[in-house]
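Shared between the two complexes below is subunit A, which pairs with subunit B and subunit C, respectively.
Let's turn to the complex of A and B:
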């Protein structure tokens, strides 16, 4: 049966292509045909919108105003001279770095724990992944309650060890770590899944050889597991940075808009305020372009630094 | 800690948080007795051939009240059917902007009067002057207070028909007042800042039962707050600003004046309630309604809309008071839910919309059950004092000394910027004067861009 299927894939008896083509070309066309539904929607709703955003960023465009004057680079000049923008960038980087570190470490530890041959392995994997399934609205509401100064469960538990109520969401020094904590709990399930796949891809004979050579558990983890997981770590950190750099829902819902003050304003909250509160769509487009540029630079930097030592 | 035990601890922590999360939802559900009526997101009312679409932001119990009124309207007007979409206010403002651009706006909208200048200036609203008796219409001009009427007008045209006045007042926990030996009669309310501080101090208790006037009072361990500054700090501030003789804008409407001496004094007084007198928690991290419902707040500055919530909290005995007076003058912030009609609504749909607005306007007494104060003076005078004490009490304050949001085309943006300044001051991030001055700079930029 396997041979027949192989023959059908590589040697079709009735080609769907009208012209004589070599196998590689036919496979490429077939692949693009399969990809075409995605590519069409991607081109319409992403590429076109991205190009439009770049164009919009050179205009003072308000939604209902009849005129749309061309302002050249004024939106970018205003943006880069706005201290609130730069503080939003710093908040975002702070949040993204702490959160990515946290989700990577917790995800890796959880993956190691549930990859071991234990009873109920599948149950624990599902249990640890459940928070990831929550919507940001539900998660935000729950953590708003958990972090409440006077009525929050976290402060209630801390009171048992003599710690007085902490104003997690009202202290500008604590609010971003608190948001990171909530996000780590919410999103570590995805890196955990990726790490489980990565761990299962490490050949067992390497561990056997290490054990025969007398390596202990710590040595095996740091000398075998971790180095061989570098491609996975690169993937998890790159996708994590891209994802968490666009954070919006957690600060918006948990703190009620990025507070206290602007202490948890991220770049996307800044974008939202400009585009959807002030209705400065042209300026908002400039913000979006700047965010995309920053993310591209960070991602390129990550590839340069981490991929040097990645063993594919 | 070994690796195994650290893994175990991490695992237990995650599971514990998950379990606690859901157990808290259970606790919340148990506390809310009886459960409020759910507000549908979209309601189809009536089955008439003339179909009109209606967007509003009444996502609370007031949306249920309005839908019940529309059902009665549809029963009396069987040729009309209404699709009502209830959308959270901020989202509604955004959705309307895009809908007007796309040409998919509804036939009628209910917005706040402060939105009249913005949408009026874009030319997307119908002039409703002909609906007032002065223009040959059905709505008596003298049945709407001058203050409310001022919010309907932009650039010489009347773009709105007001449904209500909704604004600030206080809800007091009468049991706490009686326990402190204080009168619950609104006529005994203080008329000076010092008097209010004295009241709040007597009502603020630490875990040992000491009130905030006691030398043994522990401000780090408060279990009952006399007051809260966290709910809608903007309007708390605006009331105090006008009480001190200040204003939001200069008389010509071109200069932001919230950071005047009166403004700084007003904000400093609110800040002092948190950090000097310790009678209010900081603004962030404290849910004021939850605090009042849990019996941890004695005086809740909120609004007319709290009426139905207070009726739901059958274990908390409370009553409404007029808003506080911190300055020499009296002032209470209020807004007006206002019907507006897009200029695109025409023909049979326009006729049906106008009939609907007129029916609702002429039955505004029913609307009082939402907690809000009917906009028409005749409806206010027809309210039953036994059923609607808070509507009557707070409505009188709006009529006598009510203040509204400024009339500009960027009012929502200005209020958002002001709110950040409030948060910065009330959470101790910046001194009151610096927070107000910083906010005023950004507000002025926004005003200059309009």
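Let's turn to the complex of A and C:
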């Protein structure tokens, strides 16, 4: 503060602005100056792009063709009558639900374990968060190898309990669970940390009161911890569904772009294929709008379901 | 009751759970490191070997000398692009967050509400128009394309605004009495008091960009401008067949920098996740 005082006393006050300008106007001008870099970038790369995306979705716009004829709703009609799109939607929802269930349960389990009065709390938190730091590239290469049918360590471990080698990445019915498994390993650290914060926010006296009333550990968990964690669970599942619905890197790398066949095509892989492999930009824009619409519906639905329950 | 709660015997279940979880987390990493020191023949064998009989750094030599594998270059690109992006986000978002948190201007609430709604719109919607814009600006295959399109980070504005609002108003009033203008208050009062929040945001913006795959795939095309995740995906598609230890060596080399950063800043990162609610994918 001393530095500011010294500096400012020698300078004339409000030298930039004419004296007649009142404080309110000056504050507003200053505010818009502070905002202007953000607003410029936001306008160009978000507002313009979003509007343009919706606009483009009504044109047959292909990257390598000079003409872009207006086709009305044709792109959407094509999209909604494409069975590959719908199977991609199903794969994506399947993947997102399994992954969010897995990360939420494992994250909560880990959070409860590391908030108990034990030695090495901090050590375990740091350790269990490590996978989350890997890039999808690195994690993808690791799991592509671990899940290998012939030489994979996962199949090796399973062989000890008498399970014959499983073709994880080659079986259309197993590929999504396999990608989910890898993703749960990779991302449960985030819900874990959020749950730790949630658990620390529960007042200790509630536990003490329950113990005095003779409640056991399981009762305390299901009657006190879980209900009080509901806002945290809402946050973790909503953000989880939103981020896992946009899954791209895992199928792109682990199953070589959505294989076997199209068994692990997700909606973003579908978008990538249409816009950057087939160069159908107008159709791709319609895909992007459809993805946004689905995500809006899912989010609204989650908020409705979870907020409707009775408050204690 | 209480002594029971804190005795080590009482917590054996917790330790068991943590031991299992730690083993699950570490096992894939140990296999990766261990098999990266094996030869091709040793890796392609059933049952798989957990430890190399004669550890060799052959795969590391191969991955570092291969013509079309440029880990050093890709790492440099990733660091430069993520660093440039982080800087751009901070320069653009911090002043905007200050305006939203502390200044009265017509449209403050409306503008902020609009931003709140846009956070619900997924990034895919902007991909195609922004890609075409990059092409028209001749920015494809340059760092500009990796740095600027996402620089107006709405989430960053939210987070910093929230934090700036908690700083006592009196501190700024004292600066006003000393004759500080709006920029002086922002620069000398708000920024020095917010280093924690700004660092947390910077770490997550950096990590998020460092790990991004989709946008770098579509806007970069030459070997020299690729980022690490894109490079790794290329290694996978061209070498997965025969050169597995080399791929694993690539994973080790590309993950090591992040783990070193994590080892240094682990407390800050862990706190930052909780503070920002960021880090999910």
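Quick notes
The rule is simple: the second predicted complex is superposed on the first by the 265 of 312 C-alpha atoms of A that agree within 3 Å, B and C clash if a C-alpha of one lies under 4 Å from a C-alpha of the other, contacts with A are read in each partner's own complex, and residues count from 1 in each chain.
One rule holds for everything that comes next: a contact is a pair of C-beta atoms (placed from the backbone, for glycine too) under 8 Å apart; a residue touches a chain by one contact, two chains touch by 3 or more.
Please read all numbers here as calculations on a predicted model, not as lab measurements.
Touch criterion not met for A:231: it reaches neither subunit B nor subunit C.
Residue contacts after overlaying the shared chain place A:64 against subunit B, while subunit C stays out of touching range.
Legend: residue contacts after superposition of the two complexes on their common chain; A:277 is shown touching subunit B, with no touch to subunit C.
By the document's definition of touching, both partners, subunit B and subunit C, reach A:151. Look at A:263: by the touch rule set out above, it reaches subunit B but stays clear of subunit C.
Contact with both subunit B and subunit C is seen for A:128 once the two complexes are overlaid on the shared chain. Looking at the superposed arrangement, the partner reaching more residues of subunit A, out of subunit B and subunit C, is C.
Applying the stated contact rule after C-alpha superposition, one finds that A:35 touches subunit C and leaves subunit B untouched. Legend: residue contacts after superposition of the two complexes on their common chain; A:167 is shown touching subunit B, with no touch to subunit C. Once the two complexes are overlaid on the shared chain, A:177 sits clear of subunit B and of subunit C alike.
With the contact threshold set out at the top, residues 106, 109-110, 113, 124, 127-128, 130-131, 142, 145-146, 150-151, 153, 185, 256, 276 of subunit A are in contact with subunit B in one structure and with subunit C in the other.
If you check the complex, the residues on subunit A that touch subunit C are 1, 3-5, 8-9, 11, 13-14, 16, 24, 27-28, 30-32, 34-35, 37-39, 41-42, 44-46, 48-50, 52-53, 56, 106, 109-110, 113-114, 116-118, 124-138, 140-146, 150-153, 156, 159, 185-187, 189-191, 193-194, 196-197, 211, 235, 239-240, 242-244, 246, 248-249, 252-253, 256, 268, 271-272, 275-276, 281, 284-285, 288-289, 291-292, 295-296, 299. Considering their complex, residues 1, 5-6, 11, 14-15, 17-18, 21-22, 24-29, 31-32, 35, 43-48, 50, 91-93, 95-96, 98-100, 103-106, 108, 111, 118, 120-133, 148-152, 154, 157, 174-175, 178-184, 186, 188-189, 207, 210-211, 213-214, 217-218, 228-233, 235-237, 240, 244, 247-248, 250-251, 254-255, 258-259, 262, 266, 269-270, 273-274, 277, 279-281 of subunit C touch subunit A. Note for the complex: subunit A touches subunit B at residues 63-65, 106, 109-110, 112-113, 124, 127-128, 130-131, 142, 145-151, 153, 164, 167-172, 185, 217-218, 255-257, 259-263, 273, 276-280. Looking at the complex, you find that subunit B touches subunit A at residues 3, 6-7, 10-11, 14-15, 17-18, 20-21, 24-25, 28, 94, 97-98, 100-101, 119, 122, 124, 220-221, 281-287, 290-291, 294, 296, 410, 412-413, 416, 419-421, 423-424, 427, 429-430, 435, 446, 449.
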